[in-house]
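Okay, so chain A shows up in both of these, paired with chain B first and chain C after.
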Partner chain A sequence: MKVTQGTFSFLPELTDEQIKAQIEYALDQGWAVNVEYTDDPHPRNTYWEMWGLPMFDLRDPVGVMEEVQACRDAHPNHYIRVGAFDSTRGWETLRLSFIVNRPEREPGFRLVRQEVDGRQIRYTIESYAVTGNPEGERYGD
Partner chain B sequence: METERTYSFGGRPGGDARPEEPAPEEQAQTDPVPHVPDDTPVDIEEAFRDSNVQEVLDKLDRELVGLKPIKTRIKETAALLLVDRVRAGVGLPAAVPSLHMSFTGNPGTGKTTVAMRMAEILHRLEYVRKGHLVTVTRDQLVGQYIGHTAPKTKEILKKAMGGVLFIDEAYYLHRPENERDYGSEAIETLLQVMENQRDDLVVILAGYKDRMDQFFQNNPGMHSRIAHHMDFPDYSAEELLDISKLMMEEQQYRFSPEAEETFKEYIELRMQRPNFSNARSVRNALERARLRQANRLFAGGGKGLTKRDLMTIEAEDFRASRVFTELEGNSADGG
Partner chain C sequence: MSETLKGAERYKAGVIPYAKMGYWEADYEPKPTDIIALFRISPQEGVDPIEAAAAVAGESSTATWTVVWTDRLTAADLYRAKAYKVDAVPGAEGQYFAYIAYDYDLFEEGSIANLTASIIGNVFGFKALKSLRLEDMYFPPAYLKTFQGPATGIVAERERLDKYGRPLLGATTKPKLGLSARNYGRVVYEALKGGLDFVKDDENINSQPFMKWRERYLYCMEAVNRASAATGEVKGHYLNVTAGTMEEMIRRAEFAKELGSVIIMIDLIVGYTAIQSMAKWCYDNDMILHLHRAGHGTYTRQKTHGISFRVICKWMRMAGVDHIHAGTVVGKLEGDPNMVQGFYDVLREPYLHKNLQQGIFFDQDWASLKKVMPVASGGIHAGQMHQLLHYLGEDVILQFGGGTIGHPDGIEAGATANRVAVEAMIQARNEGRDIMNEGPEILQEAARWCSPLGVALDLWKDITFDYASTDTGDYVPTETPGS
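Coming up: the complex of A and B.
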């Protein structure tokens, strides 16, 4: 199951050329670009690990692409996303975020039913990849 | 991932779209204009006009006094880059030239200013994508503990990507007296990028001539990767006077006729003294003259002043300078 989150998530995977163009756009807007990775695809997992510090004062996407590639080399079977932060007063938030790398095989999510008081059922989802495995060993790195 | 791609191609209306379809198109792009006859006319003039380089060169001529050899070198370099562009346009091979440079010369001879113009020229000729100048010194490249240097250097390099990295007083990067100095690590990182990412950024090293020569001697790798060595000559007294006039004009000041004579004298005396740093000394002298002018106007009680008084620097504003007073003191001693 293809995990979709962030911008462009329903498009086919972006090529490096396209990623570069998006980063260039973000830099032209004056946003600070950062690279994050995780191996926990749960939609509520908001805070991913940071790959280095956010990159301020860049003018050209080549520097970011280098970091993306370095992160891919280090974590080929993780989710990696690129985020662009707008520090303009009033925004001060992430303006753009998209996935640039994903594990080869994404087993998807399981629906867990918990029977509680009476005949009530609580539902939750759980990633097959995460279940039982600690961080870093989830996608067979 | 592959299956998804095929799926999205197949999903297109019209059915049998083949994934290899775009391949020939791509090839045509990477191999530009394969058959151009030898007598194809080329218009260098037009390419030159399109690039707007003349504008920058004119600006260089206007804003920088003297520096004949440097201006000639820059024009030559611009011509080479332009011809390379035109060659590429008709399908002739044009290797990505090595554009890294070293600017040597005494302080205040315009190295930073020329570097800024250089970035602009390279940008107009599309040799760098953004054309900004990142000025750094040793502090910003070299770390303070083991493992600090490489990331620090890389961060600066990332900022300079698409533009020009100007390393001022580059010889401080190499400290031969301390073999555990982290500077050599910064040099290594730099060299790697200078070699492998020539189309991503241009590095300009700057510094005093003798110390840069020493630096290059100790780092032959650096020397061989820099194609353009430019030596900035010192300014003559007349040129310095011209520079001072440009500076004054910028700030809407002017010399009185006597003041101009005095300042000329001042420059000649100042040039003899140690720590003379060309245009920078001139700028400082003007700053001090402005200070004295303000004090003079203020002490005069400010009556009957006109706009002209506010704009004019008088001879006495220079006469009070140490260069003159010490001279008188010496002659008094001697006489």
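Coming up: the complex of A and C.
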């Protein structure tokens, strides 16, 4: 399977040139870009690890790309995403977030069904890679 | 010009024109706390437009047809609504724009029902008018602050869904009536797995003999969770909780929550008070509230009579819905591009600037009320993605019902075609490409590696709904001389 979180997950993996173009767009909007990584891609895992702080003062897409590359070098088999924060009143949130690195093999998720009262089922989503493996040992890093 | 009568003369028993009773004040300057309504009035032959405007002001505030002495026991000068401006509508003989100001003490705080009981309560059947339309309203921040506003809002909705930077995608399950719950859930699963973010009950799917509501909820949530596991994304299905009583709606909403749904829906026809109650319930229960505008066409479409949809958008943002269907421009339902852009601005902007071309008659500070996500639904397909993005922007839900389920290779393929189209178009736009001109080419490029998109583009390439709109603006852009 392919985890399809992020703005561009249905497209073929973006090239570095394409990633740079998106970062350039985000910087042109005045947004601050950051890089995050995780080996727990559960749909409700909000807090991926931060690869440093959001780059509030860096306005050069080439510099951001260097950070992306450094993060990839350190975590080649993790999910890595680029996010862009808008500090405008009324937004103050992410305006763009897309995956720029993913593990070679994505085993995906199992839907755990707990049969409860009557016909109701309590659902849990469990990652095949995460279950039973501690952080850092999930995708063969 | 009518002079307002004063003192004993004003309160002599009998009938005097509304304009002389104090409901017309040509030099009135609205107070910052006044609520303003703009009506399009079409007086009967021989009726003075100012008297007609004063009559609307009177009947939507304190007046009755004859003088009553009990007015003198009240601060009547304050409570009288005041028509203060009457302009001829450009290019429309016999029609006038009447501006009427209301003191905010005329309205109960936080109640759309109370507001509308005054503003549209009595006046629309008034004999002295051929027809009447409520075009726009201004609300002072002091009054807006008494409303909860959207239960979730665009920002928190996107954060909960973890989806940013592109329109959200949805579809309404089709056929809208007749599927068993098990078959219905199949459509939901295929569409979500294929790439849509949401699937939706239609407005008239409640709890009919062919599919009872609990059965539908159970199968839909199986589908939602299966799709979430298959993709690693948060997914949702708008479970319609519309029912015959408020108690039953709450009961259905509670069950949706128990099953872990992120969103429920209601129809506009449930009424303003029910909508506010559900918005409050959603706020208290971390639920997104989708509103289908079922029934609005009966009073929003004709220009001379009824209520403009922009006013409904304002009321619904105050009432507290998170989603509302607001037009597509290019699809099968009514929607002049300028008018639709006006509706979208009303729903999404923190501050509205007067824009007559788009039907926005007032500057309006929304006083931090959250943003409503507009929904574009009805006769749209992947081949229009560049136009949809151009006209509607990225904070919108694009709902492709037929455009997903009608795909020759199946529902999942239909969903994938739409998702690839939207991502490719966003990517191209962000890269600085001129999507309105290069749109078809951008889609064809993506279709080269995504065959479901190629099939969709071929199948629906000639489908357009090019009919003249009935609800259009009254102002055209003025040409700059010499340009």
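Following the convention adopted for this analysis, the second predicted complex is superposed on the first by the 137 of 141 C-alpha atoms of A that agree within 3 Å, B and C clash if a C-alpha of one lies under 4 Å from a C-alpha of the other, contacts with A are read in each partner's own complex, and residues count from 1 in each chain.
Simple rule for what comes next: a residue touches a chain if its C-beta (ideal position, glycine included) is under 8 Å from a C-beta of that chain, and two chains touch if they have at least 3 such contacts.
Fair warning: this is a prediction, and the values are worked out from it, not measured in the lab.
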- Task: Tell me which partner A:V62 touches in the superposition: chain B (first), chain C (second), both or neither.
- Result: first
- Query: So which one touches more of the residues on chain A, chain B or chain C?
  - Reply: C
- Would you check which partner chain A:P12 touches, where first means chain B only, second means chain C only, and both and neither mean what they say? both
- Message: Quick check for you: in the superposed arrangement, does A:P103 touch first (chain B), second (chain C), both or neither?
- Response: neither
- Message: Output check: A:Q120 vs chain B and chain C. Expected answer is one of first, second, both, neither. What do you get?
- Response: second
- Could you give the residue numbers on chain A that contact chain B in one complex and chain C in the other? 12
- Note on the structure: Seen from chain B, its contact residues with chain A in the complex are 1, 4-5, 8, 129-130, 132, 151, 155, 157-159, 161-163, 197, 200
- Per the touch rule above, chain A residues touching chain B in the complex are 2, 12-13, 52, 55, 57-60, 62-64, 66-67, 102, 104
- Query: So in the complex, which bits of chain A are touching chain C?
  - Reply: 1, 3-5, 7-12, 18, 21-22, 25, 41-44, 46, 83-84, 89-98, 108-111, 119-121, 123, 125
- Query: Inside the complex, what are the residues of chain C that reach chain A?
  - Reply: 155, 158-159, 162-166, 195, 218, 221-222, 225-226, 228-234, 258-260, 350, 368, 371, 416, 419-420, 423-424, 426-427, 430-432, 446, 449
